[in-house]
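Structures incoming, each one as structure tokens.
Next come two complexes built around chain A: one with chain B, the other with chain C.
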Partner chain A sequence: MFFDLPFEIPYLLTLLLVLPLVGAVATLAMGGERQKYAKYVAGAFSGITMVLSIMLLFVPDLAVYNESYPWIETAGIRMSYILTVDGLSILMVFLTGILVFLSTVFSAREHDRPHYFFALILAMEVGLMGVYMAADYFLFYVMWEVTLIPMYFMISWFGGPRRHYAAIKFFIYTHVASLVMLIGIFAIVFGAAGGGIADFSFEAVLAGSAAFSSTFQTLVFGLLFFGFAVKMPIVPFHTWLPDAHTEAPTAGSVLLAGVMLKMGSYGIIRVCLELLPEGAQAWQTTMVFIGILAMIYGAYACIAQKDLKKMVAFSSISHMGMVMISMACLSDIGIQFAVFQMFAHGLISAVLFMVAGATGHNIGTREIPLLGGLAGKVPVLAAFMMFGFLASLGLPGLVGFWAEFGIIFSFYEYTISIDMIWLIAFCLISLLLTAGYYLWAMQRSMFGRLTEKIDLSHIHDLSRPEVIALGATCALIALFGLWPDLALGFIKEYASSLALSLGVV
Partner chain B sequence: MFVEYTWLVPLVPMLCFVIIGFFGKKMPHGGGPLAIFGAMFAFLISALISYEFFTSAAYSSPGYVTEQITWFSIGSFDINIGYYVDSLACLMMLFASFISTLIFIYSIGYMHNEGVKRRRYFAEVSLFLTGMLGLAVSSNFLEMFVFWEAMGLCSYLLIGFWSFTHPNGDDASDNAASAAKKAFLVTRLGDVCLMGGMFVLMYEFGSLDYTAVFDTAAMASVDPNMLMLGSLLIFGGVIGKSAQFPLLDWLPDAMAGPTTVSALIHAATMVKAGVYLVARCFPLFAQNPEVMLFVGVIGGITAFFAATMALNNMNIKKVLAYSTLSQLGYMFLALGAGGYMMALGLQSGDSALIAAGAVGYTAGCLHMANHAFFKALLFLGSGSVIHATGTEDMREMGGLHSKMKITSITMLIGSLSIAGFPLFSGFWSKEIVLEVAMHAGDYGAEGYLFLVLWILAIITAFMTAFYMFRMWFMTFKGKPGHGAEHCHGESPKSMTIPLIILSVFAAALGCIILFGFDDYVTIGIHAGQFQVGSGHGHGFMGWLEDIFLSAYTYLTVALVLIAIGVAYVMYSKMSINPGKFNKDGNSLLYKALSNRWWFPRLYDQIGWKMGYGVAKGVEFVDTQVIDGTVNALSSAVAGSGDSMSKVQTGNVRDYASVVVIGIVVLFAVMLLLFYFMGGA
Partner chain C sequence: MDSSIVTSLYGEFAPLAPMIILMIAALLMPAVYYATKLRDAVTLVAVAAIALSMFFNILMMIDGYQGDYVGVFVYDAFAGVMILLFQIVALLTAMVSLSSSETTRAHYGAFNSLLLAATVGMMFVATANDLITIFLGVELVSISSYALVAMKRKDPRAAEAAVKYVIIGGLSTALTVYGLSMLYGVTGTTNIPEIAAALSTQDFSWAFGIALITMIAGYGFKIAAVPFHMWAPDVYEGAATPVSMFLGTGSKKVGFVALFKIFIVIFVAASTTAAFATEEVQYIFAIIAAITMTLGNVVAISQNNIKRMLAYSSIAQAGYILIVMAVMSEYALASGMFHMFTHVFMKGGAFLVVGALISVGIGEKISDYRGLAKRAPFIAFAMLLFLFALAGIPPLAGFTSKLFLFSSAIYDGGLGGGVMTQWIWLAFIAVLNSAISLFYYTRVVKAMLIEKGETTERIKVPKTFTAAISICVVFVILLGIYPQLIMDFCADAASALFGI
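Right, the complex of A and B next:
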């Protein structure tokens, strides 16, 4: 990085995990009379966490911050508390820090039991940070499950009219998937141990992974892949996502789409690709197929949606499909830009969900057919919506374009290598469809004749906190769009070493 | 000395965009003066750069200056950012910034009723200019593409300038919103092709820099099929951006925006980007005669079709829009015909053919520059008329000549120029285009196609003269219509002065062809490499002489004069009723023309079926099949018979059972696994 942090912060990674936890407890304590101050407590804790996660970007040598302590040790099992940050996770940690703080800011006007609300956001941050920093499979799995619980309550307490259905669907669906994943984790851990002490740390498993047979790799890859991919999500195991998003409050959606979906693709790279190169080879074609399906299917589903937020949710599926095909290329460019797309989509989907949420509570409805011609009434909201849509449809100069460009190029290389160059057409078609559904939604909701179907006297433009949160995210989108190396620089080395170990460069 | 500061050319309007965007509300005229300053500044630097570039001997070889830094890299491919200046870039910068300056000045008067919206207007037009200037000086395809898309965005925003709270009411808002969307999506279709083309080039050449791609040795070493694919895909982008057949439908709809925006899109920016890109990729396209043939055929067809659609349109702006399409077609015809000859010349080593190809290049670029001036003039003139009468329908105008003398005379000059009246700007370039097309017909196996195109182009010249003068007579002569009665006289000075300046150029710019334009904007092979500005030497004079010696020139001029005469008797003297020829608008041909040959309906049908139709199907699969299965499964597991009635209940018990079943299944899988692992 162009600027090195001149000092060391002891226990930085643990702080990133503990601060939100303390914050969650402190916020929870702000019940009763003190409710209205809950947001400041939450803001302070998530703010400090964000600052720390930004400082992490300027650390000259990340390895210094690795932390490792024994946790559970029995005769046959060794589980540890190991935290690391590397090229793959650093952007995700940064993204988590930023988005948690900004969604706290965005929700500053939450009046319904704010102490619970903000405590849940912070609790979610604990899990998210944990997933991205854990370097021990047991810790990883625990953190993975930790993210589910606050999200479940977030939806079922603060959600829309069908919140219970959506919350339970979300919980069961992803929980079943993570059980499958758990089996996969047991398989790799015990497989790597080969009858000795089962050490759950990433390092030990990686060391033992050389002994995996190709049949074993293929099978276990399938289990783990399924567990992670449901989270991404993939078609046809995606139906929990639109429901969860439609019912979740805005901050919940932002975190769900911005950071939680990335846990799935993060897991695939971190576990499946790192440990099981032969499995990856065997599943490559399937992954490509799944990616293309998600991309096209998601884009078409968007066109048909009437709820603005549901449309944005389906667009997430489409964009995560891009991440999937990118990973499936198993090349350095593919992996690098898969991670970059995860990061880019994290920022962009945050804007999209904030905008969709603001449409819901500032205008009163998110139903596109009920909206129309509102740009004159809510100019600031319309401007942010335009910006978010443009960023998401891949306007050059904004961060999403570079991610898509790199992804499609890596896919192009892949299609050349298998002599099926026409496959690239699917990517291009999806770009076109993406532009189509966004502009059509824009036309129907903000442009054209002023709607007469809703009461216009109560609509109001964005409040100050909302503008700040949206403005900051948009600024980041523009910054990383003008200077993509700022993010790409972190991933590059990791991607090329992983591609090397996969044997396909 | 100045060339090193080329990066300022797009940067200054960019800064104006940012400043006006954030602070325009407090500025006079919504930031208009700052936008004018930005454009003027860009013009001044462009002029200095061009002066230095053309006069300094240091730049005559290799004919370009480029400077770039690495922006980031994709794997082992470096993506650079920088500038690339050659005569073509100079030409583009000069006319784009000059015309934009005038349009911005004009906008102060034209938009003065828009209040706070002017901030948005001036910010967006500044960005538009940034896009065009950046495109002209970019040093590689990807950088060019960034600016290319920025222009697409600006056209979307500006066509949709009145897409909400339109001064003419809700229908107009709807119309503007839909036109803006159409413009973006249709050009986007081209853009994804262009992106595909860039992937091909990046993979084949290992770089997207112009210097790397246009290298003769590199082009020779690449698989010719991939080269052809890449070229065609890039031309796909051009078809979208320059609204060529079959993607020509968005441009007439784009008239929903303010007239100044139309002037900007048609004259200085946007559609000219496509012509620029073909001229820029000339070395690449000329590797393959078929590609250039395709370019020429698309251009010729567009020129003809667009002209037919203009014949009976009643909307003054739409007539001009069709004329733009038609004139762009001429440019692509010239570039295609020239490139075709050059490609054949490169294959056979015939230097005369290569020189003839360079003439096509010069003709295309000259027509682009000429068109920029007369089309800006015509649009601004029509804007002045619309401003005065409050209508775009020519039937409601008429007899305005006495009330708006300056507008009337300047538009007459513009019409004469576009019609190709002898010695006006348009005449020179159009005659050379026709000559090149005819010449190309003599060579190669598919050359006869150019003869067909040449005949179409001559008919087009006739139609152009007719519809332009139909427009002029209907507007300024004939009986005063309902709108003309409301006319409150000539437009303010800020609007008429740009008209006068533009009319001088529209009349006389073409003469630069007599004073060495062909020495600068041409292409040839120098020391084994393609070089803009080292073409045919002085062989060009022969082509100029041919204009006066060839019988076909006189035929074309005669046709133009006849067309003007016909328009005069029909629409000024009114001694012939045009309704006689088309059963008062009921003939099939008339309906075909006024429905644009039913292209819009076709596209709407395709777009609707391929987009919304499929989307409905996907939606059904999603809610009924996939989600239905999920819900039914949960109910079935719970042992409930009527599954569908309970699906929406979210019953915890149902789901809990799924978990139980799931776990049982998972244990089975686990056992299987351990079996495969060999009991680890």
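Right, the complex of A and C next:
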């Protein structure tokens, strides 16, 4: 980085976990008369966490901050509290810090039980940070599940009309997937132990993974991959996502799409690819196929959506499909841009969901056919919507462009190497569809003749906190779009060493 | 302080020390009640006796005390851990019986007396080293429990439950005695280590096979394993809730202790010879385990009465613990014992919540729990923790214990065997069952925390219930993040039992 942090912050990684936790408890305590101050408490804690996560970017040597303490040691089992941040996780930690704070800002007007609302956001941050920083499978799994419960309550307390159904579907779907993943974790941990003490730390399992046979790798890759991929999500196990998104409050959707879906792809890279290279080879074709399916199906489904938020949800499926094909290339560039796309989509989907949420709030409906010609009435909202859509469809100069460019480039290399260059056509079809549904949606909702189907007297433009949150996210999209190396710089080294261990350069 | 206090006080009876205290207290109970006519005094004496007995037991456990009384009772690490479990159950039950609206008012002395007697019976089984002692202990528990169930008078459901329990219990006893006598016939002794020694020189005989089958069936009734489970939901529903809790978390474990004692000891001694039919017995248990957990969880989904739902979930939990009998490894036994411990706090806690709410006039239907979070925030929060722990959501106790237990189907605890493939299917079924169970637990969570109730009037739960529920909350969290607190003892206990 161009600027090195001149001092060390002791226990930085633990702070990133503890601050939101303390914040959640403190916010929860702001009940009754004091509940209008809940947002300030939540804002302060998530703000400090964000500052720390930004400072992490300027740390010259991340290894200094590794923390490792024994936790559970009993009856032949050893689990530890290990936190690390490396080239793969640093952007995710940064993204979590930023988006949690911005979604707190965005929701500043929340007046229905705000102390619960903001406490849930902070509780979610604990789990998210934990997933990205954990370097012990037990801690990783615990954190993975910790993210579920606040989200469940977020949807079922603050969601839309079908919130009960959506919340329970989200909970059961992703919990079943995590249980499958847990079996996979059992297999790798106990397999790596080779009869000795079963050590759950990433390091010990990686050391023991040399003994994995290729059949074992293939089987276990399947288990773990399923567990992670449902979270991404993959078609046909995606149906929880549109429901959860449509019903969740805006802040919930932002975190769900922005950071939580990335847990899935993060897990695939961190566990499946790092640990099971032969399994990855065996599953490569399937991964490519699944990625293409998600990419095309997601984009195709977008065209049919009437609800703006549901459309954005399906576009998430499509964009996560791009992450899938990119990492399925198993190449240096592929992994590099898969991570970059995770980061880019995190920022862009945050804008999209904020815009969709604001449309519902400020105009009164998100149904595209009911909208029309509103750009004159709500110019700021329309401008942000345009910006978000353009960023998402890959306008050059914005962060999404570099991500998609890199992905198509790496996929092109892969198709050449397997002599099936026509596969690249799917990418192009998806790009075309994406541009199509976004522009069409924009045209129908904001431009053209002013609608007569809704009551126009109550609509209002974005409030100041909403503008601040959206503006900041858009600024980041532009910043990383103009200067992608700022983010890519972190990933490069990690990606090339991983590609080396996968046997493809 | 160490166990020398116990040995100097009790001399050669030291291994029986925890039991003697409770036996005396049990005999004193009616006298205390007739002398004072105060329910509080009775509870105080009972709780004090259990606490003292628990104190002695913990001293002995920490010290690693070992001893036997005339070779019939053996106090070792295994006995210590199980006695502690029974003491906790008894303590919680005695505490809440005081303020429960369901427990009898008239014969309160007798109620506590029976409770303590049943606890003594449980400890009997935990220390037993002889078939006769196991049998006597189990009978002491059973007969006391029949009376405890029947004591909720004026409720026809309780009467039905008691009759059902007596009949099924009698059948179970008959089967067990039959099995035990066959075993005696085959080996010529009732002492468990001697049985093991005798079997290791024999070939498999049909008489021995029948003994095994009848013992599995007999104790299968006690632990409510499918297909011997039918009595459990009716009895748990009919009995006073503190008694249901006592049965579900305590008396059920007696069956497990008896199974562990008889089968594992014989298994270890005789696994090298043909006499025991090792593989077959393991497969029988594995199939029973798979069916029990699946049926328990699936049927629980359709229950609208919380006590019945908890009863079926108890059946499912028994299925999980039966994994121990299929795998028969030291690590599995330690994990199973640890799961029994966490089960006491999770399931016990859930029953306590139900009992507390019945005491303030809230029904047993899931729909009665609507809007509970507004009316009794702490109780609703505690119930949320218990149910999520039962479903195995980290970082609660149920997750950690299930993680140990399910992993024991593929991992031998670091003995050098690597990954075992034989029981992977069982681990799969167990994990899938965990997912099913989340479905019905969230129904209660949804009613309590998400749905709106008809009233938002605050509920004041009796203090002893709040205290007992708080104990459970603390341990549900503590054992989740610091399992070695109990797991270390369980590991010692398992190696003690396997070491015989």
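Keep in mind that, in the parts below, the second predicted complex is superposed on the first by the 505 of 505 C-alpha atoms of A that agree within 3 Å, B and C clash if a C-alpha of one lies under 4 Å from a C-alpha of the other, contacts with A are read in each partner's own complex, and residues count from 1 in each chain.
What we mean here is this: a contact is a pair of C-beta atoms (placed from the backbone, for glycine too) under 8 Å apart; a residue touches a chain by one contact, two chains touch by 3 or more.
It should be emphasised that the depicted structure is a prediction, and the values quoted were computed from it without experimental measurement.
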item: First, second, both or neither for A:Ile77, with chain B first and chain C second; value: second
item: Greater chain A contact set [chain C / chain B]; value: B
item: Which superposed partner A:Asp112 touches (first chain B, second chain C, both, neither); value: neither
item: Partner chain in contact with A:Glu8 - chain B first, chain C second, else both or neither; value: neither
item: Touched partner set for A:Glu493, first chain B, second chain C, both or neither; value: neither
item: Touched partner set for A:Gly436, first chain B, second chain C, both or neither; value: first
item: Touching partner for A:Asp332 - first (chain B), second (chain C), both, neither; value: first
item: Partner chain in contact with A:Ala198 - chain B first, chain C second, else both or neither; value: second
item: Partner chain(s) touched by A:Ala187 [first = chain B, second = chain C, both, neither]; value: both
item: Touched partner set for A:Glu145, first chain B, second chain C, both or neither; value: second
item: Contact residues common to both interfaces of chain A (with chain B and with chain C); value: 164, 168, 172, 175-176, 179-180, 183, 186-187, 190-191, 193-195
item: Of all residues in chain C, those that touch chain A in their complex; value: 331, 334-335, 388, 393-395, 399-400, 403-404, 406-407, 410-419, 427-428, 431-432, 434-435, 438-439, 442, 446, 449-450, 482-484, 487-488, 490-491, 494
item: Parts of chain A lying in touch with chain B, wherever the complex brings them together; value: 162, 164-166, 168-169, 172-173, 175-176, 179-180, 183, 186-187, 190-191, 193-195, 215-216, 219-220, 223, 235-236, 238-239, 297, 300-305, 331-333, 336-337, 373-376, 390, 395-397, 401-402, 405-406, 408-410, 412-413, 416, 424, 428-429, 431-433, 435-436, 439-440, 442-443, 446-450, 483-485, 488
item: Chain A partner contacts - residues on chain B that touch it in the complex; value: 71-75, 77, 142, 145-146, 148-150, 153, 156, 160, 163-165, 170-171, 173-174, 176-178, 180-181, 184-185, 188-189, 192-193, 195-196, 199-200, 202-203, 611-612, 614-619, 622, 626-627, 630, 634, 648-650, 652, 655, 658-659, 662-663, 666, 669-670, 673, 676-677, 680
item: Residue ranges of chain A touching chain C (in the complex, touch as defined); value: 72-77, 138, 141-142, 145-146, 148-149, 153, 156-157, 164, 167-168, 171-172, 175-176, 179-180, 182-183, 186-187, 190-191, 193-198
